[in-house]
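The two complexes that follow have subunit A in common; it is paired with subunit B in the first and with subunit C in the second.
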Partner chain A sequence: MNINMKSFCLPLFVTLFFLFLYVPIIVLILYSFNASTMPYEWKGFTTMWYKQLFASKEAWQALSNSLIVSTVSVFLSVTMAVLVVYNGFERLNRFFVFFYGTLVIPEIVLAVGLLGFFSLFSVSLGLATLIAGHTLLGLGYAVPIVHSRFCELERHLTEASLDLGATRSQTFFRVIFPLLMPSVFAASLLVFVISLDDFLIAFFCAGAETQTLPLYIFSVVRSGGSPMVNALSTIMIFVGALIVSFIALLQARKVVTIV
Partner chain B sequence: MQNSRLYTIMMRSVMVFFWVCVLVMFLGFSHIVHFFRSERSINIFSWPTLLDVSYLERFERETGITLHVSYYETNEELFSKLRATKGSGYDLVIPSDYVVELMIKEGLLQKIDQTKIHAWPELDPKLLSLYCDPHNDYTIPYFWAVYGLGIDTAYFKDALPEVSWDLIFDSKKIPSSIGMLDAAREAVLLAAFYLYGSSDIAMTPEHIAKIKKLLIEQKRFVGAYTESNIEHLLLGKLCPLVVAMGPDILRIQRVNPAIKFVIPKEGSFVVIDSFAIPAKSTKVDLVYEFINFLLKSDVLEHHRAKFGMCCPTKKMQSIHDQTICPSDEEFAKMKFFKTTLPEALLNEIWIQLMAY
Partner chain C sequence: MKKEDLRALFEKNMQFFMSIPAFVWIMIFFYVPLMTILGRSFFVRSRVTFVPSPSLENYATFFDCTYFTIINRSLLLALITAVACLLIAYPVAYFIARHVKTGKNILLFLVMLPFSVNMLIQAYSWFFMLGKTGIINTLLLNLGIISQPLHLLNTSGAVYVCVIYCYVPFMILPLYTALEKIDARFIEASLDLGANWLQTFGRVIIPLSLPGISTGFFLVFIPAFGEFVIPALLGGGKQMYASSLISYYFLTTRNLALGSAFTLLSSAIVLFVAYVIYSWLKKIRS
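Presenting the complex of A and B:
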């Protein structure tokens, strides 16, 4: 009897663990092809929910809102992150820890706080407040990534470049920024995915007229629910997975490390 | 030397100016946008099972007014959201009677002009002049519904027990898993009604302690506190008994005829959803157009047939399903969810119950 318990238990445990993580998602994807509206019976394979989704005007509007908000908040938060890290590296090292705050605080607390802040200044909720909220959220991810990459660079590169005759802007654009490019790229992707999937801040800070994809899913689920939501979720899962695997690929090739 | 110093100062002031512009743009963005486009659109905050999307699209085509609809599941959610934004952001909300009282007190609603509602003379008099808004200055009644028990008769195959509120409160009769109401006020007043026969009495601390004890004892048997997910509970065979509104059970009955709606023998609660216009809305004429559209007979009939609610006009009384919408005499005996207990106390009881 040469059955080794160890060589059997670990693969079993890992399989069960992954099943536990992925079975709900698999069920979600399967039922997006279900011909019945209720998830209690399987009535046959169909792609009609996908067709209905592509025909829905509201879904496209929500998608365009989501994309606008995500790209603008990515641009703003990554720009701010790079500038803060580059300019504050020596003097503000201690304060970089505060940027982890948006990760530590429960997102709902952040969202409610933002709502209170906007009400205090009588800013009416809409696309702009949503972008502001997502930028805040994105900063918490972008700054640590760019900062850790910046720490890996030579400490005195800036000084050396200035010594050798480059102006300040030449130093930034031709020396430091190309070296930071991988982390900027990774931070943009990460903030983009997070902003696309974000629900809580959109729920509180978007106002009645703007609807992003997660909010659209939420309102369809609330108004009776239909497998169209499953179809939309399947597409979003695949897009998100593609982006995240791309980041993982970059990490594997040692192009970038994410904290 | 002087040149480069000047250059630095100029660059820095440009950058500061840029970020200040971004900040100002954020704060004033929505004002600028409203200035440039005069949109014919209204924002509606509504119950999920009240408005049919195809009819909303018909309204949009006929009048050219764009509708942005958001949904809420409980009155507390509506009230918190409206209070947080101080009555702005939405042009039409559909609260239940008991939260209308709170909203009027906080000044979140604006007065309505009854002459603008074409269907006003046809509205059922029993729905007008309610305790929350005696002269209908702020609200126009829309659909109403009665609370009761949704029972899966397939579970009680041998004998249907006598339907009374004992079935959800008495631990000897309660089935293993039930669905209970998810709102603080409704649960507390239901418990008060069960213990004392009336929810309108003055509550002393002993009364409140007894109610809390009853709700905590009930918690063991509750499968879920929900009013909107009951179809999962009943159709998924998770709970054989839920506390719900008639129309919700009616819609589930269409899928599974074994589910029945019964109003317990001791009597029950009725809730009336009305139209109300938040205080800061400026598009009042568009809102009246929408309300008039919804109160047209064919639109009312379609919504009644689809969602099963009880209609607000007199002439639709005759086609009401008697099990879901009781007659006028029985309506007179029904209770409302009104109470003198402060919201803070109700919320405190609820939070304690949820944390138990």
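Presenting the complex of A and C:
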């Protein structure tokens, strides 16, 4: 009985679990090649939804908005994170706990907080407010990642460099930044993915006119869905999987540690 | 002259100036908005003059049982999701941590991969599982178990299944970490000393993995309470959850004061419940 349970039930359960995890995603991908216009009926293979997606102005607009927001948020949050870690490490170290706040609070509270704040000052919602929100999200990930890497660096590297006559900025560009590079890279990728995927902050802070990819998907799915969204989802799944595999590879090679 | 002074000041304190943007950003866009919510929840705008005046009226509104039904519904969703995720994730984490010899990392990676899929897309994928002509109905019809397609979409069952589906990876990682750390000799000793497998599991393995259980529990419980996307897409809009009501106040009726009060009230309740569960888990541990 014991041996039976261990050698049979457990692997069976794990197999069922992986089916549970992957069947919905695989079905979603399959339906992106479905020739039927009705979303749930299989009528044969086609790539027409991909062609339609690539011809859709709305989707391209959403993609370009998403890319603008993600790129700017990555740039802002990672730059600020590196600056604060390098310059604030000695004197402001105990205040770094402030940056963990965004990870503890439910994201919807963050989103409505931002919305309430913008409306208080009558800021009109759009790409700029979205960037503000995503940079905030990004800081919550970028600061801890860069900070943990900086803590691993040997203290006397900075001191040696300064002693040998380099200025602080020379020390930064020639010694510290190259050593921080792996964590900067990992933080950038992570913030990029998080910003690209974020729905809640976009839903509350993007306003009525600005659409990002997740907002586009939400609006189409809410009105019943379309195989075009399956096509878009398929592309996003593969891009996301690629980026995550890349991060996992970096982590396995011990180039960088995340969280 | 003045410019020179400014420059000297800047150079002297450059380190400080370079480190403040991140702090300023997080203050302006995180801590100040939180304060704004808090402040706003204590003001009521007069219907005639639109001048805000301090009042507790926003909170008084919520002592109406409809609001508690909504908070209860979200709490129940979070609680059942966390327990279900624990029950599903435990055997899987146990298997990966203690039975797999090679390829542990690949299995872990496969668990985490769906995590990279946007939750909207994950929710959308359940349309194809649960729809009238979806996979589950087709399967059951072909097997002859049912003769009519079941109505699965737009039910609270659909919401539960999808929330569990999306949050299960959150649970596996901490459980895996805790289970992998257990010294195999403890288990052997317990079995040698005459405990059967079930006793060993209940008295040795579970207590030693309690830290992982409690981490995983809260990683699921708190975000599941605030889940917005899944009820909005799969719930059919029939039942309100806490987050749906928050968005209703902020976006539909634009009553920010009431919305702020409700956001704070529901956050406070969920944190309180989380705290109670946390102390209970801690008591078992000692």
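Simple rule for what comes next: the second predicted complex is superposed on the first by the 242 of 259 C-alpha atoms of A that agree within 3 Å, B and C clash if a C-alpha of one lies under 4 Å from a C-alpha of the other, contacts with A are read in each partner's own complex, and residues count from 1 in each chain.
Rule of thumb we're sticking to: contacts are C-beta pairs under 8 Å (C-beta built on N, C-alpha and C of every residue); 3 or more make two chains touch, one makes a residue touch a chain.
Computed from a prediction, not measured in an experiment: that's the story for all the values here.
**Q** Consider subunit A as the common anchor and indicate whether subunit B and subunit C clash or fit when overlaid.
**A** Here subunit B and subunit C cannot both sit on subunit A without a clash.
**Q** Counting only touches as set out at the top, which of subunit B and subunit C does A:I237 meet: first, second, both, neither?
**A** In the superposition, A:I237 contacts subunit C only.
**Q** Could you look at A:V84 and tell me whether it touches subunit B, subunit C, both or neither (first, second, both, neither)?
**A** It touches subunit C, and subunit B stays clear.
**Q** Quick check on the superposed pair: does A:G207 touch subunit B, subunit C, both, or neither? Answer first, second, both or neither.
**A** The answer is first: A:G207 touches subunit B but not subunit C.
**Q** Which partner, subunit B or subunit C, touches the larger number of subunit A residues?
**A** C
**Q** Have a look at where A:F8 lands relative to subunit B and subunit C in the superposition and call it first, second, both or neither.
**A** After superposing on A, A:F8 lies clear of both subunit B and subunit C.
**Q** First (subunit B), second (subunit C), both or neither: which does A:F54 touch?
**A** In the superposition, A:F54 contacts neither subunit B nor subunit C.
**Q** If you stack the two complexes on chain A, which partner ends up touching A:S119: first (subunit B), second (subunit C), both, or neither?
**A** A:S119: touches subunit B and subunit C.
**Q** Could you tell me if A:R222 is touching subunit B, subunit C, both of them or neither one (first, second, both, neither)?
**A** both
**Q** So, does A:A132 touch the first partner subunit B, the second partner subunit C, both, or neither?
**A** both
**Q** Taking the contacts subunit A makes with subunit B in one complex and with subunit C in the other, which residues are shared?
**A** Residues common to the subunit A contacts of subunit C and of subunit B are 40, 76, 115-116, 119, 132, 222, listed in rising order.
**Q** Would you pull the subunit B residues touching subunit A in the complex into a rising list?
**A** Spelled out, the residues of subunit B in touch with subunit A are 22, 25-27, 29-31, 33, 41, 43, 45, 48-49, 53, 68-71, 73, 84-86, 88-90, 228, 235-236, 255.
**Q** If we count contacts the way the header does, which residues on subunit A are in touch with subunit C in the complex?
**A** Counting only subunit A, the residues touching subunit C are 2, 5-6, 10-11, 13-14, 17-18, 20-25, 27-28, 31, 39-41, 76, 80-81, 83-84, 86-88, 91-92, 95, 98-99, 101-102, 105-110, 112-117, 119-120, 132-133, 135-136, 139, 143, 168, 193, 197, 199-200, 203-204, 214, 217-218, 221-222, 225, 229-230, 233, 236-237, 240-241, 243-245, 248, 252.
**Q** Under the touch definition given earlier, write down the residues of subunit A that touch subunit B in their complex.
**A** 38, 40, 76, 115-116, 119, 121, 123-129, 131-132, 207-209, 211, 219, 222-224
**Q** Please name which positions on subunit C make contact with subunit A in the complex.
**A** Residue positions touching the partner: 14-16, 18-23, 25-26, 29-34, 36-37, 40, 88, 91-92, 94-96, 99, 105, 109-129, 131-135, 165, 168, 196-197, 222-223, 225-226, 228-229, 232-233, 243, 246-247, 250-251, 256, 259-260, 263, 267, 270.
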